[in-house]
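These are the structures in question, set out in turn.
Consider the two complexes below, in which chain A is the common component and chain B and chain C are the respective partners.
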Partner chain A sequence: MRGTLVYTGQRLVLIAFTALAVSSIVFIGIHLQPGSSLLTDRPSNPVRLQQLLHQFNLDLPWPQQYWIWLTHAIRGDMGVSLSSNRGESLTPVLLREAGVSMTLGFFAILFTIFVGIGLGTLAAIRQNTWVDYVASTAAVITYSIPPFVWAFLLIIVTVTYLYTLTGGAIYEDIGWGKPEQIPVPALALGLPYAAIVARLTRASMLEVIRQDYVRTAWAKGLTGRVVVVRHALRNALIPVVTILGPLVTAIITGSVVIEFLFGIPGLGKEFVNSILSRDYNITVAVFTAYAVIVGFANLAVDLSYPLLDPRIRY
Partner chain B sequence: MRPSGLRAWAVTLGFIPILGLAACGSSSTSGNLAKDQTLNVPMQDDVAHLDPADIDAATDIPILQNMFVGLYKFDDKLNIQPYGAKALPDVSSDGKTYTFHLRSDMKFSNGDPVTAQDWIYSWTRAAKHNAAYEGNLSPIIGADDVANGKATSISGLSAPDANTLVAKLSAPAGYFVTMLAMPTETEVVDRKVIDKAGDTAWTNDASTYIGSGPFKMTARVPKQSMDFAPVANWWGGSTGTLTHVHIDIGIDQVSQVKKFESGGYGVVGPLNQNVDTDDVLRYQNDPVKKSLLSILPGVRVTGLGFNFTNGPFAPAKVTPGQPTTHTPDDGLIGREAISMAIDRAQLADVACVHAVTCAPATGGPIPKGVKGYLGDNTDQYAKFDATKAKQLLDQWDPGKTKRNGIKIRYNASAINDKIFGNVQAQLKANLGIDVATAPSDFPTLLAERKNKTILGLFRESWGMDYNHPQDWFDNLSICAQAGVGKGNNEGYCNPALDTLVASADAKQLDQALPQYVQANKILVDNVVWVNLIYGTNQFLTQKWVSGEGNNGFYDYEWKEISLQQH
Partner chain C sequence: MATATAIPGGIAERDWEMPEQVGLWQDSWRRLRRNKFAVIGLVIVAVVIVDALIAPFWTPYETWRQALGPTYQGITPAHLLGLDESGRDILSRLMSGATVALEVGIGASALASLFGIFMGLIAGFYRGKIDAVISTIINVWYGVPDLLVAMTLVVLLGRGVINLVVAIAVTGWLGMARLVRGQTLSLREREFNEAARASGTRSLTIVFRHILPNALGPIIVQATYLVPAAIIFEAFLSLLGLGVPPPTPSWGDMASEGYKSLQVAPHIILAPSIAISLTVLAFNWLGDGLRDAIDPRMRR
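Our next item is the complex of A and B:
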């Protein structure tokens, strides 16, 4: 237990350093980009521009600007928006958006895990039957199609076709705020990754179900569910869990396009908009938030290893 | 092993997406109007500013025009109508004193009365904020001093009584009333509320976000949604039939149409956005759906700009802000060649859904539908003539050196990629020159244009603010705007044009129009822009929505919209 706490502490320090490094690199990167959120295609008023630069500390040297941002960020103040409703505090907006993205990501990961492991297991225990062929072929097709294409297909099917087919009784209501608006974008986001997990689970299960201890379990007369779930699947999941870290990262960053298409007010959409509008505070905050979220997701995956394999200790 | 259990699991998982789908409620009706008078509308980008004093983006105007009131407004046919004023102002014989008689029954949505002092407070505050449309107050004596921090009150404003506002101008400005009708900085705000809630914080809460228009904000989740309701007992009379306007923010253009098709939106297209061109084509070609598509007039021109201060198309190299009327004009023939080598009809066909979403620009920079438009086919350099263009090119560049390495800088978007991709192809086909396209994001284009660092060609585009040619010249074509960082991106500076415009600005429009037309012709003759296309506004409107539209500049007010039985 103590080892786990130490390990967790070390990782938290690492996450903090990662956040610091990401924020400083992004800060420099975004400031190097030409243009500014204070410019519009209206004729510029130099006096006004100077006033705004001063108001938002943009007339200070970069290191000073970064220090101000950092000291405020540590206190939980992400600064103010420079573009949309200029001057509005960003912290509540970004917290809400992070919550939205994490909700979407959570359901996408849930879908990825359950569908991926379920199909992979099914394909393995029914190896070389039509179930296996269908599941394997579907998995290959599914992960060959990127999430944004799935998103378009799902929008066409669940919004337009379903609405027409059911006379408006059932359809996907694009947007965010209602529980029923979560599954379809989560599906679009998680589908390709579910296919990857399915392929990996199948391969891993095929290896495990041929092990002596599984044969012994069958010989003991245990039920299929106990043999598959308790003895085979648990051990087969270790390589699957290994890829969950990168998978979580991919799902989080992959939400950018999905959020755009489904009109979901999450960090992903902010991620793109802030760069295009040169809203420095948002860009740095969002990149840093992503770094922290990914760091915590990886930590959670690493901490789950001992639950699956008692031989692993921290 | 019990496969049946696994099968059940798989089947359940298969239904996960279906379980989440929404059920559509059908609206009950009363008479011809739908019982539920909620208008759902999407917009791609959140408003840039909620404070009228800070407006600097076209996205703000269609929202704020329903919540705030200026002295005048444009009706659906672009006529100027009194709004906060009782009638058009009394103008002194020297054209420098405007006396506005205000409505005495005007109130803010919280019940506070609106007096002449509120107008003075609002205009002074707007000048202090010094945002993009502060120029609308510039004609008033002392307004620019407030903007530049040299004074705290506008010396040219006074209120002889609660219902009279007097504005003294530093020079006659025939465009002043037109400019006041633009729903921006000159709208009135409630001093009591702002003093209490804070100069910036008052817009952050629906309870303190008070205007005097027919609608008030009831809820807002930044970058997600906004909700509005009509003001009860509005001083201006009826607020129409809508009981609720809900705006979804940040919905992708394509997804907007999909949701429209499932009845989720009453209309797509207002709030300063357009319908995706592929969807326009789809609706255009569908005999049933075609009736839902409206192509409304737009007052935007898109073209190519040249750098007049440096580079191959400049008359001569000069410091930005200095006159560019060098004789001989070393770049003129080159600019003519570029302009005549582009077949606008082909461009509109390729880029604008067979010329549905835009029209070839053949009548100069001020777009069709705006006062000061020169008329169809009046721009001699907009007439496509590949042979003449090639001759001009060779005349301009006999050594074949100037034509090398030309780039077109534009901000990347689906429509811009089509426009400038076609321009590139036409210049190759008709002039034999390899022009590279250099797409960037919008801030990069803005910065480079304003700083006059682009030596080749660049995207120019301007949506007129109000129906007066002064809007074009004073913002885009005079020497005062030609310096580095200013709005005349070409750096074109012609003192003769400035004199002409200044003279026209001082007169009422009917007298000034010939001079504006003359100034417009100067821009055409000097090929300051290669005017390519005039834009349109595209709306998709459900059959059950009536009263929605756009007059070219602004959306129709929400109080005109009603929802019919469906």
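Our next item is the complex of A and C:
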């Protein structure tokens, strides 16, 4: 228990360090570059421009700007928007958007885990039958199709075809806010990664299934479900859990694509907009937010190892 | 070897039991050829490469010429994949898009691999403080979503093939560096390297003659996997309007144009989507095949 606490503490320090490093690299990189969302506006009165630059501290040298930004960021104030709603405080906006992204990501990960592990297990226990071949081939094809192509395909099917087919009774309403708008984007986001999980589960399951203790379980006359789920799967999942960390990072990256295409008002869409409109305050804030989210997600994954495998201790 | 030689001890005529002399690469190539999916992947990759080489010189129609027929026209004998929203020939643009995809895909994979191998060799060979610094950089950098880094860099550097390659390679080298570091750490402790050190071989010779060639198998596999990843990145950046500047057609650009007319003419978006997916699939199959062929123990 003590070990776990120390380990968690070390990881929290590393997360803070990562957030600091990422924010400063992005901040400095961006501020060394000419241009800002203020300068790309319509030709403006030079006096007014100077006022605006002064108002947002953009006329100061960048080390000073960074210091001001950092002291505010530590207190949870991520600065103000420079473009669309100039002067709007970013913290509440970003928190709301992070909630949207996390909801989408949560359902995508849920889908990835259950479908991936389920199909992988099925393919392993039916090894070398048509079930295995279909599942394995489908997995390679599925993860080779990038998330945005999945998004196109799903949009074509659920919006255009479903609408024509049912005469407008059932179709996907692209957007966000209603519970029925969650499954399709979550599916588009989770599918390629579900395929990866399925491949890994199958490989790991095949190794476990041949072990003596599993044969003993069969010999004891336990039912198939108990042998597979309680004896084999539990051990087979340990290598699978190790990719959950990178998986969470991948889902966060993928959500940028999916949110953009499905018009979901999350962090990813905000990031794309901010980078296209050069609203650098938002870019830096979202970057930092993602570094923190990825850090915590990986920590959660690492802390879950001992639950599956009591031999692992921190 | 073929002639029977009298061996002290009296065993003659042993040519029939000599194993065939096959090198590692020949042996791998033989295993690769036996793998159905790897061969299909190799064929598709070859077709895409040939296409990418031809497209700059010849396409059925000029890629930029508009109003070749009715806009949004579907499949016709003259235009095998139809026309897009400005009446441009989709097949010609698709062929031309392969050039950009491969330039970025192979370029980014090569750049990321070279840098990753370099960092991995240094970290693994010198260990200690140097390794600690490089490993910390890798671990911190891993916590940053790579796509966002690429997007930001393209905005900062400007659009273009070289900038895309750099923007993708900036995060792409991490996996390669980790792999090479691990390989180097284990290879440098093997007996043959101990022998090399004992006989006074210079560090540089050990690294490039004894360690690197032995790590080449996994490196090639990893570099193969980097290509489709870079192609997906390029397509997504183009989708956002951050790819190569027009009039050069890229698959991502075509998909983004097709997205606007998804309801009226789905064929415009399907063509580049299928092209991207097939190319990525082919590289993944080839990578899986290479992994199994070069080191059969790695098979999953």
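Operating definition for what follows: the second predicted complex is superposed on the first by the 310 of 314 C-alpha atoms of A that agree within 3 Å, B and C clash if a C-alpha of one lies under 4 Å from a C-alpha of the other, contacts with A are read in each partner's own complex, and residues count from 1 in each chain.
Note that in this section contacts are C-beta pairs under 8 Å (C-beta built on N, C-alpha and C of every residue); 3 or more make two chains touch, one makes a residue touch a chain.
From a predicted model like this one, the values you see are computed outputs, not experimental measurements.
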Let me test your reading of the model: by the given contact rule, A:155 touches which partner, first (chain B), second (chain C), both or neither?
both
Could you say whether A:145 touches chain B, chain C, both of them, or neither, answering first, second, both or neither?
second
Regarding the shared-chain residue A:65, is it in contact with chain B (first), chain C (second), both, or neither?
neither
Touched partner set for A:227, first chain B, second chain C, both or neither:
first
Is A:45 touching anything from chain B or chain C once the two structures are fitted on A? First, second, both or neither.
first
Figure out whether A:261 sits in contact with chain B (first) or chain C (second), or with both, or with neither.
both
Now for A:23: first (chain B), second (chain C), both, or neither, which partner does it touch?
neither
Touching partner for A:235 - first (chain B), second (chain C), both, neither:
neither
Looking only at contacts as defined up top, I'd like to know whether chain B or chain C touches more of chain A.
B
Give one of first, second, both or neither to describe whether A:101 is in contact with chain B, with chain C, with both, or with none.
neither
Shared chain A footprint, chain B vs chain C, residue numbers 33, 152, 155-156, 159-160, 260-261, 275-276, 278
Considering the complex alone, what residue numbers of chain B touch chain A?
1-3, 5-6, 9-10, 13, 16-24, 26, 42, 45-50, 54, 56-57, 130-135, 147-149, 200, 203-204, 221-225, 248-252, 254-255, 258-259, 261-264, 440-448, 450, 461-462, 475-476, 481, 485-488
Could you list, by residue number, the parts of chain A that touch chain B in their complex?
33-37, 39-49, 51, 83-88, 93, 96-97, 111, 114-115, 118-119, 121-122, 125-126, 152, 154-156, 158-160, 162-163, 168-184, 187, 223-225, 227-228, 260-263, 265, 269-270, 273, 275-278
Within the complex, which stretch of chain C touches chain A?
37, 139-140, 142-148, 151-152, 155-156, 228, 232, 235-236, 239-241, 255, 258-259, 262-263, 266, 269-270, 273, 276-277, 280-281, 284-285, 288, 300
What residues of chain A sit close enough to touch chain C in their complex?
14-15, 17-18, 21-22, 26, 29-30, 33, 140-141, 143-146, 148-149, 152-153, 155-156, 159-160, 199-200, 203, 249, 252-253, 256-257, 260-261, 271-272, 275-276, 278, 283, 286-287, 290-291, 294-295, 298
